[in-house]
Amino acid sequence: MKTNMMAEMTWVEYQNRLKTEPLAVLLPVGALEQHGHHLPMGTDHLLPTAICKGIADRVPAIVAPPIAYGYKSQPRMGGGNHFPGTTSLDGGTLTLVVRDIIKELARHGVKRLAVMNGHCENLFFAIEGIDLALRDLRYEGINDLKIVRFDYWDFTTPATLDKCFPEGFPGFALEHAAVLETSMGLHVFPELVRMERLVDDLAAVFPPYDVHPTRQEWVPPSGVLSPAKGATVEKGRTLFNEYVDRISDALRKEFAEAA
Amino acid sequence: MKTNMMAEMTWVEYQNRLKTEPLAVLLPVGALEQHGHHLPMGTDHLLPTAICKGIADRVPAIVAPPIAYGYKSQPRMGGGNHFPGTTSLDGGTLTLVVRDIIKELARHGVKRLAVMNGHCENLFFAIEGIDLALRDLRYEGINDLKIVRFDYWDFTTPATLDKCFPEGFPGFALEHAAVLETSMGLHVFPELVRMERLVDDLAAVFPPYDVHPTRQEWVPPSGVLSPAKGATVEKGRTLFNEYVDRISDALRKEFAEAA
Amino acid sequence: MKTNMMAEMTWVEYQNRLKTEPLAVLLPVGALEQHGHHLPMGTDHLLPTAICKGIADRVPAIVAPPIAYGYKSQPRMGGGNHFPGTTSLDGGTLTLVVRDIIKELARHGVKRLAVMNGHCENLFFAIEGIDLALRDLRYEGINDLKIVRFDYWDFTTPATLDKCFPEGFPGFALEHAAVLETSMGLHVFPELVRMERLVDDLAAVFPPYDVHPTRQEWVPPSGVLSPAKGATVEKGRTLFNEYVDRISDALRKEFAEAA
Amino acid sequence: MKTNMMAEMTWVEYQNRLKTEPLAVLLPVGALEQHGHHLPMGTDHLLPTAICKGIADRVPAIVAPPIAYGYKSQPRMGGGNHFPGTTSLDGGTLTLVVRDIIKELARHGVKRLAVMNGHCENLFFAIEGIDLALRDLRYEGINDLKIVRFDYWDFTTPATLDKCFPEGFPGFALEHAAVLETSMGLHVFPELVRMERLVDDLAAVFPPYDVHPTRQEWVPPSGVLSPAKGATVEKGRTLFNEYVDRISDALRKEFAEAA
Amino acid sequence: MKTNMMAEMTWVEYQNRLKTEPLAVLLPVGALEQHGHHLPMGTDHLLPTAICKGIADRVPAIVAPPIAYGYKSQPRMGGGNHFPGTTSLDGGTLTLVVRDIIKELARHGVKRLAVMNGHCENLFFAIEGIDLALRDLRYEGINDLKIVRFDYWDFTTPATLDKCFPEGFPGFALEHAAVLETSMGLHVFPELVRMERLVDDLAAVFPPYDVHPTRQEWVPPSGVLSPAKGATVEKGRTLFNEYVDRISDALRKEFAEAA
Amino acid sequence: MKTNMMAEMTWVEYQNRLKTEPLAVLLPVGALEQHGHHLPMGTDHLLPTAICKGIADRVPAIVAPPIAYGYKSQPRMGGGNHFPGTTSLDGGTLTLVVRDIIKELARHGVKRLAVMNGHCENLFFAIEGIDLALRDLRYEGINDLKIVRFDYWDFTTPATLDKCFPEGFPGFALEHAAVLETSMGLHVFPELVRMERLVDDLAAVFPPYDVHPTRQEWVPPSGVLSPAKGATVEKGRTLFNEYVDRISDALRKEFAEAA
């Protein structure tokens, strides 16, 4: 079976591709987190894994197993960590997971790594994991690993946002389990999207600060931060293809010059 | 879609099942590790995840996303950590991942947890993660989480071993990427098993000690510790069914009395 | 001397105020980081400390010594950590500092705490420090500490942004050592602002991803991410007063109901 | 404004001085800790910062922002950590702060560092931070950072002790918030010293051991370990000048030969 | 006094032997753990220390002080950690102790190290300590330390097992405080063995899984996992001599080629 | 065999004594460190263990296995960590060892613990270990463990110092491997003291500061910080008896009121 999924390959296939191609490894970093009444809790690792898979069909790349557990959900980004089902790691734990995986990939001889984040809250712990890995690798005398890191939604073009949000884009902050993720879900894992259970909550309105312990009453009971009813499979296809295309382009460009 | 995979469920479905069933969560702990020329590197998380799925069809249970990266491969158990592709975590990292996940499940209200290990080397770091989680949970006043932990192969009956190894069982120590795992693979993910690439190495012969740094010359170049050529899909089916049956029985028994 | 700075008070004064007022403690979290050729490296802790001082003249509050060293500067937020002078902590270190200070304040009997961030990159490590502190405090049986956390610039009103950026606001992302911080500096510590050394770099243009190790050529050599020449002391006064007013209001509201 | 305070300098000024002078960085390590009814809680970071400033006027040096939070107060050295206001870090946290700052300074190209301790209890955690930093720097191939570390009071001459304590010196152990620190305070921050509130406690008498949890009844209720009434601004000036002079001499001598 | 115990030697003697002999250091890793009513709690560090001492009379070697506290006792290996007297370290603590000691020995110039485990549960934490030490040593440029690691009982020959267990060997798993350890104790520290208090418990029967928190009722109340009444001083002498001989041989062979 | 050494007792004996006596546990914290040409490297754990043993003959107490590896030797206290043979732990490691042991003793039901330090440099890491243990124990609801902590030499009376140093006491700081420790050694382990190898170095003269990396030329090449030639077995006996007597008295007094 031809596969680009690292877990499905033998070590010999992996080694061969590393030796014969300008191979990149793609590492999806996700979460297990409530996504409303209609999206599966794995959304944040299932979507970036699917995008990575799409990219691996375009550029020489393989997809490492996703990090399926991420950092604690924040009320203003993901609804908060108090929902049942949301299963999060401490920040330090996530940092170490990212660090350890990167160091091992470098040991294998990987020179090109893309770390694709699918869960807002992971951002800085992934950055720290990358920084610690590169530091330890310098200690080993390994200086030629190039890492491209991003949140996949940052590749959305204004044109696509206009198309997806004819009445105006509320901002990525409130896009948890909302139009973007739901549309993507309809394209990527339609069998897991329960559109019939979509709750018609209003968009959350947050003040410009957090309160700890979490003020749960600020969060819509469904866990959805802004209405998802505008989601369609067409929008999902457009977004998905845009991410695959534009990220592939970016990686091609950045990795052209890697060792 | 009816599913027992936690990542595929919504938080509401999960919460409902927790409230209405004597639900167990099954957590597969695996690895990304060389498994010879013929088995995929994800073998150690793919197999226990499949067994967990089988169990969840028999007892009230859902399957958490597997921990796909495990502890460093040891020469006498998994061929050693020097192979390209083998991607391992530090012991402390794995311990923290296990600890954090368990604490979150307990926060959700889970009272029954099974931690199924699929990679020998994880054993003690999983135990320590469990111990640290239960300690922190005591601090929170949570004392009613019951955890059953095991290496799935410990449920093999002598009768099945006799059937699988008509010429005598070499011991679990050398069963890395060998008859047991290969047979299981033929049953669970036949499309990922490359029987035609099976290397005909002799069984590894190890002294009763380790040498660090790893003596790579002690390990068969293929990474297989004893010949896998006796593997068949029938043996795999027998083993798989035995694990599902016997572990289901054990969980039923142990969890009958849980809070 | 009447003072609201915790470091300048005796423990008896502090204890008296805690006992007799609905006292809040304000904790500025900053950095020591390059801020172009014209702003001092302490900008990110000097500004929030000054705002906290202003707040403490309006609401019953005292100001704890600022955390003067923050998380590593990121190219797209602060120019990157490669500049001489930028002196950063590992993420885990910053988390522990925040955690430890909060636990001590709670031990004193503090029920109201505001954590004011003045350095973008600190965000998640401060959040994690807060979360770990509240967890440990729960273990001690302390459940009545309420924490309000924010980045001070999130209190800027659209009207003020319009006034400060007559030609359009480039976004907070590029506002490192630029119009907002420079104007604030002219108001708060004019003797430390070297307007005559202002470099006339163009605004930085970043792709939607990071590259590690840092692509230093992406960052304007001065370290300023967008032109600061529109900065004036009037804008600084407006911003400063707006922050003091609006944050005081928010704290008054949130802390009214605290234990 | 000409300044030697690192937080008040631009990165360009800092870089220039590093390139053109045999520049030392001075890092004050202090605490936020009760100091009786008459001295401010910041005494242990305010005093060493002032001494560092004095030194930076004599030798080519700049002063890094002080570490304002230190290790837990011990009964026989600082009255114990049970006083409200005393805000301490875990030992490991302080070690990491010291380690991280030193590594960053070395990255800037600093070759001469003085770590001035102003809080007895910090001693070993600062030493460990230095040791860990130098170890990590060796891993980076940086071997030319020279660090001079001391508690500033160890530079007191017997002659000055005689002058300050005409009736005999009770030892540094009991000099918490007593004659030395109070006199220094009267010289350095007179507006923060409340001599009128000086409590006339007897000197503490401790057995040759600690008891945990702290025996609070062993500590004078004011938190002062021996009477401060002999404190004068003249003694403070003498001590301060002696520290500035003698430490400047020591640094000049030690750093003359640095890379 | 001629001694091979490192703690009894002066540093000059140690240095001389390191310089003039192909010296190995032997590090016993043990525990303080219940061993039934008849064996001392130090059994797991006393036995390997004695074996190391025996080896040091045969090959050029010295014995470092044993690590006297080990990892938490597991029900199926050592009866469980709930017994009074059993005094265990967290896994991470043990790992760091092993790591730190090894790094120091390497700094001294040691090239040959044997880590002898006397407590089953230590296995993986010792392995991780070794791995972390070798990693840090690589960072220092030290690559010539060779480490041989083992559980001493893995050197038992089948012939000896036959002799010790005329009615069949129950497996090492149940050999806690049973025939092997008791016989060894009778040979090595007869004055500490209370044969008259031997409890006549049946062998423990465990299912193929653990339950956490520990099911204490599964463990014989004495803490002995299988009957020890077959223990004799002759068996102990045979075992002890076999370990000394065979381990000496292995070390001679492995260390012949060390730097 | 009647013994007070915890490692030599069975768990049943230990449990019985805990139940029937107001039992204290004595924990010696030492080091493996150069002690000149004439004293063994284990001096700092051998001496406090012997004193503990003496105490346990006078008050109801047992002696836990000593912590045989301590914190890094400092030039002005122990000659520095650069000597071969000196085998030290990181500060954080030692803290965790102390923490873990204390928590386990408390789990057994111990209410009275004495932590006796025999190596100056351990001081603060032992204190932190105690503090962390008591914190964790509070989380478990255990609040009745009383800990007495000390450096044994702080129990020396002025009269004894006069007797031991007829020409004046140079201070404990320089008493490394000098008159006190050598005399004690002659009394406690005469067979391990090589008086004939005593080096006639002058006393070390240190400035009031440390330099890192260590200025090895400041330390007498023998590692002895002040001349040991005045050492006698009589002084050793006097010191030893004084420590046993006075510490026994202190423990009797402090523990009389423990739970």
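Brief remarks follow.
Order as written gives the chain letters A, B, C, D, E and F; numbering starts at 1 within each chain.
One rule holds for everything that comes next: a residue touches a chain if its C-beta (ideal position, glycine included) is under 8 Å from a C-beta of that chain, and two chains touch if they have at least 3 such contacts.
Predicted, not measured: the structure shown is a model, and the values here were computed from it.
Shared contact partners of chain D and chain F, listed by label, are C, E. Graph distance from chain C to chain E, where chains that touch are one step apart, equals 2. Ranking all chains by how far their C-alpha centres lie from the centre of chain C, first place goes to E.
Compared with chain B, the chain whose C-alpha mean position is the greatest distance off is D.
With centres set at the average Cα position, the gap from chain A to chain F is 54 Å.
Chain C has its Cα centroid 29 Å from the Cα centroid of chain A. Taking each chain's centre as the mean of its C-alpha atoms, chain D lies 47 Å from chain E. Chain contacts: chain F has residues 90, 92, 139 touching two or more partner chains. If the chains shown are joined wherever they touch, the resulting network has some other arrangement, not a path, ring, star or complete graph.
Taken together, the chains touch in the following pairs: A-B, A-C, A-D, A-E, B-C, B-E, B-F, C-D, C-F, D-E, D-F, E-F.
Remark: chain F residues 139-140 touch chain B in the complex. The residues of chain C lying in touch with chain D in their complex are 1, 3, 5-12, 14-15, 18, 32, 34-42, 45-46, 64-66, 68-69, 83-90, 92-93, 96-97, 99-101, 104-105, 107-109, 191-192, 194, 197, 223.
By the touch criterion stated above, chain B contacts chain F in their complex at residues 138-139.
Residues 71-72, 74, 90-92, 95, 121, 123-125, 127-128, 130-132, 134, 146-150, 154-155, 207-213, 250, 254 of chain D touch chain F in their complex.
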